[in-house]
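One structure is given below, represented as structure tokens, and several questions about it will come after.
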Amino acid sequence: MIGSSIVAILFFGVAYGMILYLISVGLSVTMGLMGFVNLAHGVFAMAGGYATVSLMNTMGVPFFPSLALACIIVTGMGFVLERTLYSRLYGATELRQVLFSIALCLVAMAIVRIVWGPLAQPIQLPEYLTGQTDILGQALPTYRLFLVAFAAIVIGGLWLTFERTLFGARIRAAVDDRAMAQAVGINTKRLFAATFGLGTGLAALGGGLGADILAIAPAYPLQHIVLFLIVVAVGGLGSIKGPFIAALAIGVSDTACKYFFPEVGSVFVFALVFLLLLWRPNGIMERR
Amino acid sequence: MTACLETRGLTKLFGSVCVTEGVDFRLMPGERRALIGPNGAGKTTMINLLTGRLRPSSGSVFLHGIDVTRLGEARRIKRGIGRTFQITSLFPALSVRENVYLAVAERDGIAARMFRPAFGWKPQLQRVDELLERFHLSDVANETVQLLPYGKQRLLEFAVSLALKPTILLLDEPAAGLPTAEAAIILEVIDRLPKDVTVLLIDHDMDLVFRFAQRITVLVRGRILAEGTPAEIAADGRVRQAYLGEGGHGRHP
Amino acid sequence: MPAGGGLRALATAAVLGTAALMTVPAQAETVMVGVILTYSGRDAALGDQIDKAIRLFQKLHGHELPDGVKVELIRRDDTGPNPDVAKRLAQELILREKVDILTGGQWTPNAMAVAALSKEAKIPFVTMTAGGSKVTLQSPYVVRTGWTLWQSSYPLGQWAAKNGFKRAYTAVSDFAPGHDGEEAFTKGFSENGGEVIGSVRIPLKTTDYLPFLQKVKDAKPEVLYHFNPGGPQATAFMKALADIGLTNSDIKIIGPGDITSDDELPNMGKAPLGVITMLQYSPAATRQANKDFVAAWKKEYGADSVPTFFAVAGWDGMRAIYDAVAAQKGKIDADRTMEFFKTWANPGSPRGPVRLDPVHRDIVQHMYLRRVEEVEGKLANVEVETLPQIGDPWKTVVLGKQ
Amino acid sequence: MSHQSATLAAATRPADPTKLRALEVLPWVAALTFYFVAPGYEPLATQVFVMILFALSLDLLVGFAGIVTLGHAALFGTGAYAAGLLSVNGITDPIVTAVLATLAAAAVGLVTGALMLRTKGLALLMLSLAACFLLYEVANQATPWTGGDDGLQGVTFSPLFGIFPFDFRGQTAFFYSLGVLFLAFLAMRRLVNSPFGWSLRGIRENDGRMRALGCPIYLRRLTAYVLASAIAGLAGALQAQTTQFVALHVLSFQLSGDILIMLILGGAGGLYGAFIGVPVYMLAQDLLAKQDPANWYLWQGAMLLAITFFAPGGLTALAQQALSAIKGKLRR
């Protein structure tokens, strides 16, 4: 019985980690690529959540099309913001980037509150995704099962894109050495915008999928940004596999800590992160 | 006699690229030495290894016979090494006087004092003003550095380094690309350095190198190719080959 | 000319002055009431419920005051359970706005901080929805028109033990009301032969309940006592129950009414079916006073809007304040106000007859045991039992024995 | 970027620092005048003084030493909880608790700083953030001692010098915090004009060059960090004493962000940014949050956007530019 509880806890942790990864991986790539300290990444995950929920609740669009549409909308939003605002601050001091992105969070939080109100937006999942499903004699929440499977497919696709396509190769080249990439004729401007769009789209997907775990409410961007930043910092800037390991580690350890030592709360996770960062200031996947 | 600065088997790898390879190098007190070599020979890396800015992959550095390989840059500077940067490295938002003051304060060990105002230390201020005068910078003493013309910035670069009163001075292309007036000031200062100061000069200006150096070391692809008096170096065929190789084929008989 | 101008000005001033003097009696008694609630942030929805009740009360009953007496409200936003902010706002209301009465007190920690100030400044403080028992001990100038956690959870513990449950687990949000609920339930349950086999305190801001519920599930209690601050938290909890397979299971879920709050029920799916809660109010109650109240509410705020027990606490808070203002004809004296509150009662409250306990100034009210059932295709908290006129049990069970 | 450096330079340029400029008396005169013209506003003013002190400590890091931290509340909160816990455990003299709280924050600053300052850039930002969240969670979970989410109840302090009680009218709090701020400011003014203060500017401008001057960068930055921690802790202690309350908010990321915004609004790197940024921000919050509490975020965000894009040097730099423009016109 305890064995099966541990399996369940591990599983909850993995599901949580997958969500964290989907949201954070874009942040890792954009921060690695453009060297931009972006504290506003949570805004895009939140936007994805609100878009999904609104499409479903007020327009009656089914779950999957809602997710897809939310992704597209937010990708566009990310693309526009990158071109109009973010790109102006490439190469500016860390401090200005931090301030700008905090400002973006505040404005987004205010807008969301004006439009949707202060309440967390509940997501009404289709009937077949609720309740429990038996896997090898272990009853697990259906939605979390779906979430892990779905996220795994998306992540697989992402990795293939990154490793096997020209787009991926360009991103990798530009993360390694931007000047060199420019010299060999990569249009970095367009690459930045495309990458930023992709990153925000993934965040939107994570926000929509994870509405159960990270509730869709106006405080979202500032409440959870520390989690996303931790995943990126621990995983290593510009890496796409490092954050995966980091996200899973954080998801599992946080969930396990809640189960075994609820009185310790999140202290454990933050202490762990603090030590990890001291040990490897540039993340666990540090290359140099 | 102990060398004031010595390296043994000094090697530096960047990834798999070897930029400094097994360099044995000795600099005697009071010597005037030039370090030359084609672009990419590893001259600046060499200086960075000597000052401790870079850690060697293997090999050691000795200062007055003491192994300082594990000592950080600041510690080595405190033991008398001074340098100028090839690419001007100053405090852009501060004034010229403040730039020099920072160096003097560090040199005199008052930089961590917290109570008396910085500009209340008279002897130090006096030295700052002397240095400014020597480098013809008095009239721009209160200008912000980032607004200064390039030539003046180079002079300041030199002044800041000299403010440390180094006993070993490493000069990384001090006069490169300078207008004649400023170059003349720098050459004059170099000429007038006290005899007991050891100087290592990197430069591409062969007139300057041959006029200045007692001995010359030639570095090619991270290795010492040759070392000797200016006359010996001038006569060395390998040097001419390596150093002038690419651009100079036509001029060689 | 200059002299003439000066004279004219003087004359005008004199006329205006007289006019002003003459209108003074009509406007003389404006009672300033400071309202500190949560209008922004994550918990704004609860503050919004209370504020809607306040506005509705003023609209329907605002005129029921002696001639020339007016009540003016000054609202401040404490942004959530931020006692430091609440305290500063209260201080400002007292010093700058010279308020006669303070109210709001949405959160226990905030109410504790404001209560301390009310004692020092001698300002009556009507706390509407803070549920911690100790709030009224903090100051002799505090009254409570909402509820205490002991009021629901102590009888709930007794009920559970008497209805054959032997082994209980408690899981509460980790803040003062949660601690109160845990203590009250444990006391009521174990006094009547039950045993609490485990307890867990869940961080206040959590929305992911699965790991905690896994712990409960493994312990296999017969009954789970749960408390959370309601709103989105309540929905998240119910969803987690469904996801982990604890709905309609061998483990009975019980708790204060917050966990099946009426405004969140529609979002909860079928998960809460069968959950037993104890609360002082349900909008589905058929009392005439309640039917009128709900009808007025829906007329004002739309058919989809449902008043919750937060709203009713705000409503009765306003009733108490207006009654005290009327009784003193607008000349508010702190001590006389408190004397008045000792005997204050509202037989016509939407939640049934309520009064204030003269010793500790807590509300005394009926408590209703409810079960979540499906009524006309929608979930509702259906009242199954009424416990008449319950005060705050903590004051007698714990405080009285010290 | 050069624009920002230029404005920073303008802000750091010392008019002979041993002499007092006429403008420098202004904040203190303003504070005292405020007391007489705006009775009832003492609590707000007190809060402003405390935040100015807190912002000053952040200025030492961000403006002078070039250390950007997102977790400065960790130290403010340490001071506040130290003072609060001392009070709850019977040590209620305001001066004694303030001193002990300052030392406690300095100690925490020494430990976290010693670890954090080994890194730079994003890692440093993240470590500062993680340290802040870590302390927040510790305080949150240590409910038996700190009260957790409910805040520390029962914090009271004995009268100042045994004479002036901290009552709800807040007059003692007003003069006490103003006095402490004044003394701390004098000390800070000394500090930033000392050789140490100048070496911090050097590190901010070009740490590589400072190292090549023989400056022990790590030690210098750590010293600055510990000093800033002490001042932040003092501000935290003042907060606990003047409000007689300690809540988790004092350790929050939100407070860390707010204080950074206040400082940048005023302008970092000149000590006076805090005196302009904090009152403007807090008065705006007082006014705007009152009218429309829900949308205060929108104003805050818009204000911050305007500052980042149009006035990276903050209000002090804007004022200086305006002043020199006027002077230029007058000369012509």
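Annotations
Letters A, B, C and D mark the chains in the order given here, with residues in each chain numbered from 1 onward.
Keep in mind that, in the parts below, a residue touches a chain if its C-beta (ideal position, glycine included) is under 8 Å from a C-beta of that chain, and two chains touch if they have at least 3 such contacts.
Please read all numbers here as calculations on a predicted model, not as lab measurements.
Under the touch definition stated at the top, chain B and chain D share no contacting partner at all. Chains touching both chain A and chain B: D. When the interfaces A-C and A-D are ranked by C-beta pairs in contact, the top one is A-D. Nearest to the global CA centroid, when each chain is reduced to the mean of its CA atoms, is chain D.
Placing every chain at the mean of its C-alpha atoms, the farthest one from chain C is found to be B. Centre-to-centre separation between chain C and chain D, using Cα means, comes to 37 Å.
Taking each chain's centre as the mean of its C-alpha atoms, chain A lies 33 Å from chain D.
A separation of 75 Å divides the Cα centre of chain B from that of chain C. Counting only residues that touch two or more partner chains, chain C has 40, 44, 201, 203. For chain A, residues touching at least two other chains, in rising order: 113, 118, 263, 265-266. Each of the following residues of chain D touches two or more other chains: 140, 294, 296-297.
Inter-chain contacts, as defined above, occur between A-C, A-D, B-D, C-D.
Those residues of chain C whose C-beta lies close enough to touch chain A in the complex are 40-45, 48, 200-203, 205, 207-208, 210-212, 214-215, 217-218, 231-232, 235-236, 239, 242-245, 267, 269. Of all the residues in chain D, the ones that touch chain C in their complex are 39-44, 47, 140, 143, 147-151, 153, 167-170, 243-247, 249-250, 289-290, 293-294, 296-297.
By the touch criterion given at the top, residues 2, 5-6, 8-9, 12-14, 16-18, 190-191, 193-199, 201-202, 205-206, 208-217, 220, 223 of chain D touch chain B in their complex. Considering their complex, residues 31, 37, 88-89, 91-96, 98-100, 102-111, 113-114, 118, 222, 226, 229-230, 233, 237, 263-267, 270-271, 273-274, 277-278, 281-282 of chain A touch chain D.
Put simply, chain A touches chain C in their complex at residues 1-2, 5, 8-9, 12, 16, 113, 117-120, 122, 124, 130-132, 139, 141-144, 212-215, 217-219, 223, 255-256, 258-259, 262-263, 265-266.
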